[in-house]
Amino acid sequence: MTGVPGLAMSSSAAGRAATPAVSFAPRPRRTPLGDAWNRLRRDRGAIVGLSLITVMVLLAFGAPLLAPHDPIEQTLIKRLQPPSAEFLFGTDDLGRDVFSRVLHGGRISLRVGIISVALGTVTGAFLGLLSGYAGRWIDSVISRSMEIVLAFPGTLLAIAIVAARGPGLQNTMLAVGLVSVPVYARLMRAGVLSLREREFVTAARCLGASDQRILFSHILPNGLTPLIVQSTLGIAGAIVEAAALGFLGLGAQPPAAEWGAMLTDARNFLLNAPWAMIFPGLAIMVTVLGFNLFGDGVRDALDPQMKQ
Amino acid sequence: MKRRQSLGLGTAALLAAQLANRIPVAFARGEGGTFVFGTAGDPVKLDPAVVTDGQSFKTCDQVYDTLIAFDGSTTELKPALARSWDVSADGLTYTMKLRQGVRFHDGTAFDAMAVKWNFDRWSDDKNPNHVGGDFEYYTDVAGWPDVIKSVDVVDDYTVKFSLKIPQGPFLLNMALPSFVIISPASFELDRENAFKNPVGTGPFKFVEWVPGDKVVLEKFANYWGEEASVDQVIIRTIPDNAARFLALKAGSIDMMDGVNTDDAVAARKDRSLSVLVRPPLNIAYLNFNQNEKPFNDVRVRQAVAYAINRPGIVEALYKGFGKVATQMIPDNLLGYNSELKGYSYNVEQAKKLLAEAGYPNGISTEFWYMPVSRPYFPNPKQFAEAFAADLGKAGIKVELKSKDWGAYLADARVPKFPIWMLGWTGDNGDTDNFLFTFFGSVGSGNTWKNDDARKLLAKAQASVDMTERDTLYQQVNAMIEKEVPRLPIAHTNVPLVARAYVKGYLPHPTGSEHFNMVWLDK
Amino acid sequence: MLRYTIRRLIETVPVLVGVSVVVFMFLRLIPGDPALTLLGERATEANLARVREQLGIDQPIYIQYWRYMRGVMQFDVGKSIRSNRPIADEARGRFPATIELATTALVLATAVGVTGGIIAGVGRGTFADHVARVVSLGGVSIPIFWLGLVLIWVFAVELGWLPADGRLSASMKYSPRTGFVLIDGLIAARYDLVRDALWHLVLPAVALSTVPMAVIMRMTRSAMLEVLRADYIRTARAKGLSERIVTARHAVKNAALPVVTTIGLQVGFLLSGAILTETIFSWPGIGRWVFDSILLRDYPVVQGMTLMVATIFVTVNLVVDLIYAALDPRISYQ
């Protein structure tokens, strides 16, 4: 699951019955990306979102230069110190600088968000294409499998996968990615189904194009729009989900500065050092907010009918 | 010959600890009220014969009695359901006189038959009552299948134990929390569900167990011993240490264990709270896989010992609730070797030893830490990070890893880990319970190849001469210091925090609890 | 419609069987020995073998599965490895705790979400609308485990207003009948019990309700906007009906359908969120139980509870689909 149902997540009925995240209405060919960009530029929310993302990305990339301290360097005699000039966000239970850890945490969270969504999108798109285009038993098998995956609450499934494969960042990405596969597979499948019978596909088929060619040069590019929208929002969900796994002790392993794991540690010192809890959480929220705002904007831009 | 064994912890030290904790020993007690004790987890089962976890014992200790009990805060023995006992000269026959007029909570009488019934249940796997789980304390901790030949009823209130071989700590083992006498009548009534309807002779009767929430007990008015002061005891499950402390501060519980060290420090400054400390009977240590490189080389293990700033870490993370361990047993146990100096914090020495061992550029390896909090390592991850930082400075680059508790223990036994954290809490205050458990046999995480040490440990186990045992254990401790098969880190003074009005509680080193002593001064 | 319903019902069977197989195989293919977890530091080869035999985990996997499913068919999901208690027994105590929490959260989310959404939709572009948009965006962006901690810090630690541990005060005497404290309290007219339970519900329910609240608010707002643009609303306005009546009679009624669906879809989130919320608030429900059981390799509990949760989830989705199909003539039943 992506943590944000109905918005970033489309569950069994949402993709089909409730207002779909994006429609597959024919889009005039003359509307290139430029049009969408223009709309995006005029969307205040999207710009705020993009700015937040940019700031977080820059901070993450610049972390090694910007961080005043080594994120894993411990100064045991300076543990649990309140925010000060030396330690902007205070120190944690091992005397590490929370500010530096938050900066470095961005590197992990952004990476996890992007990689797991990429994993989910690619796998989902492939399964969806296969399912929608091949039809028959292949479609049945894939669709049923996706339904089985969707029958589990997402966090539970992700926990199970990580518990099975052992805690760690790689398995977190794998779990968060896999759990989101059905969402993308369904979007892609729906796209393929509506595109399959369209004129330009029929035309290509009449001209003797191979299945492969039709699939990858005609259907895939046209069915991609909803996936792009979904995956932008998906990054937001994936970041929260990965942080949740980190919070449960299943994500990045110590001493890595991961936001969710920092929250677990901080929880033990809530009474003595609330700052160690406040800042990593704020960082998650700001980043996720950025992706949600931007994702909304992308959706509105790519699909003007949805804009309200 | 009547012999009361006195092993383990010195009374004077404990008395001092109590005074330091400002526990009034016997003043006018307040009566009545509900005492709520917060702890980290539910009991596993309320059938003490088949459990090994402290949470189960915490409840069972209130509902049941042993034949012989630990006295106060010590591991010295005092009569309980057994009034007195005699030992034959060859150490093979123990005759116990039982207390008369004792009744189980179900109204049936406690007598010699009940004692025999319980021992038969534990020992005989063909007995229809030998159900409910694994009788681990009987088979493994006390090792009684190889010791006890038979248990016979002499008369209604006399039981005779016939032994195959003498066992030094036989009476001490009788006081283990597993060996309580449960009501045969109630157990046979519903064997399947006996584990959740405990019926014993203890100061409290079982009322209910709401899984994940609480166990409720009420005072048993006809208790043979010191009648409970409070009317009701509730043992509340609050899994998170910080949340539990919060509940204590808010007054929704009266006392708690599993206190984060920082919270215990804060509690010391809070006049509405009092901090109590269990006398240490535990050890936190690092274990090495000595079958493989690099830790097969004693110099590398010594390098680890020099590299870790144990005083610094113990100071910062135990905050006065623990002290640096230099040997694998607490210093008040038999066989502690006061000649030994231990390893000091010396990064240069560590680097030098590494270089001598053929690792001038240091080593990199995996370091495994426990996924769960134990009394000896209250916050393993935090410790692991501190160890990793110190090791790194000496050129030992470690990657911290952990896995679920079951898998962790499994891999530690093989061992699949090069270096890992673990610890031990003593059962009965005997050195054998520490050193033989660690090094008595090869396997189960012991990769120390030292036959001499093993022979000495076996000899000490069989001996009943305390002076001889003392010498033998001192020799073994010297060997351990030299070869560092495991690196002792700390002995924890496990803190408990209570509201200031909670009086009469005696923290016991083994972790057993007796809430009938508790009264509320409010 | 009947045929559609039957077909959808039949379709759920392979899904649930698939779920059971997946859960079962998955748990057994993963490393970690429940026997060892059970015995802890004191395990020996001999007692390990005994425990494995007792647990039946020395049998081939298909026999284990067969035994298990035979039990499930008779509503027997087995015993917990850790506690040796029948799972149904323990679930009876924990299930109401989770349902009570989730229901309270959903009610809260719906009340705030729908109200906020209507206000925002009707007053598009007003200050209220902006607030609603910020709240709903913030709501979906806030990690609930962090929100939980912040709530505890502010309301339990700093202000000391609300409790943050468990369902009831320990000293509260309560013998469960239905297991739902609120219901039991009302039946028995134990208002002290109800008050205490509500008191304990506030923080966890607020934390758990944020995301659904935000989603519902968003959906209500956009549904309102869509409806208010529709022809019949224009007609109603043209007839001279007051704006209040237009909103109340026509708009809200017609916007309800997608909103109801959205509310139904929050169940999945609530079940996921319960794991985190229960962990933070020491809530004795199934979320935390399942999580602990995964870590302890208590297979039967994980199996039983996952199967149950998946069944609930699939059922709710089915019901939502059916309601939607029944109400919306545009959906074809083929």
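Worth pointing out:
To keep things simple, chains are lettered A, B and C as they appear, and every chain counts its residues starting from 1.
Convention: a residue touches a chain if its C-beta (ideal position, glycine included) is under 8 Å from a C-beta of that chain, and two chains touch if they have at least 3 such contacts.
Since this is a predicted model, take the numbers as computed values, not measurements.
Across A-C and A-B, it is A-C that has more C-beta pairs touching. With centres taken as mean C-alpha coordinates, the chain found closest to the middle of all protein C-alpha atoms is C. Centroid distances built from C-alpha atoms place B farthest away from chain C. Inter-chain centre distance (chain B to chain C, centres taken as mean C-alpha positions): 40 Å.
Chain A and chain C, compared by their mean Cα positions, are separated by 22 Å.
Averaging C-alpha coordinates per chain places the centre of chain A 47 Å away from that of chain B. Among the residues of chain B, those in touch with two or more other chains are 240, 246, 371, 403-404.
Multi-chain contact residues of chain A (touching two or more other chains): 163, 166, 267, 270-271.
For chain C, residues touching at least two other chains, in rising order: 31, 152, 157, 279-280, 295.
By the touch criterion stated above, chain C contacts chain B in their complex at residues 31-34, 36-44, 46-47, 50-51, 54, 82-85, 90, 93-94, 97, 152, 156-157, 160, 163-171, 175-176, 279-282, 284-285, 288-289, 295-297.
Contact residues on chain C toward chain A in their complex (touch as defined above): 14-16, 18-19, 22, 26-27, 29-31, 137-138, 140-143, 145-147, 149-150, 152-153, 157, 211-212, 214-215, 218-219, 222-223, 225-226, 258, 261-262, 264-266, 268-269, 271-273, 275-276, 279-280, 290-291, 294-295, 302, 306, 309-310, 313-314, 317, 320-321, 324-325, 328, 331. For chain B in complex with chain A, the touching residues are 240-242, 245-246, 249, 260, 262-263, 266, 312-313, 315-317, 369, 371, 379, 381-382, 384-386, 388-389, 400-404. Chain contact summary for the complex, chain A toward chain C: residues 1, 3-8, 11-14, 17-19, 45, 144-145, 147-148, 151-156, 159-160, 163-166, 236, 240, 243-244, 247-248, 260, 263, 266-267, 270-271, 274, 277-278, 280-281, 284-285, 288-289, 292-293, 296, 308. Per the touch definition, chain A reaches chain B in the complex via residues 72-74, 76-77, 79-80, 93-95, 163, 166-167, 249, 253-255, 265, 267-272.
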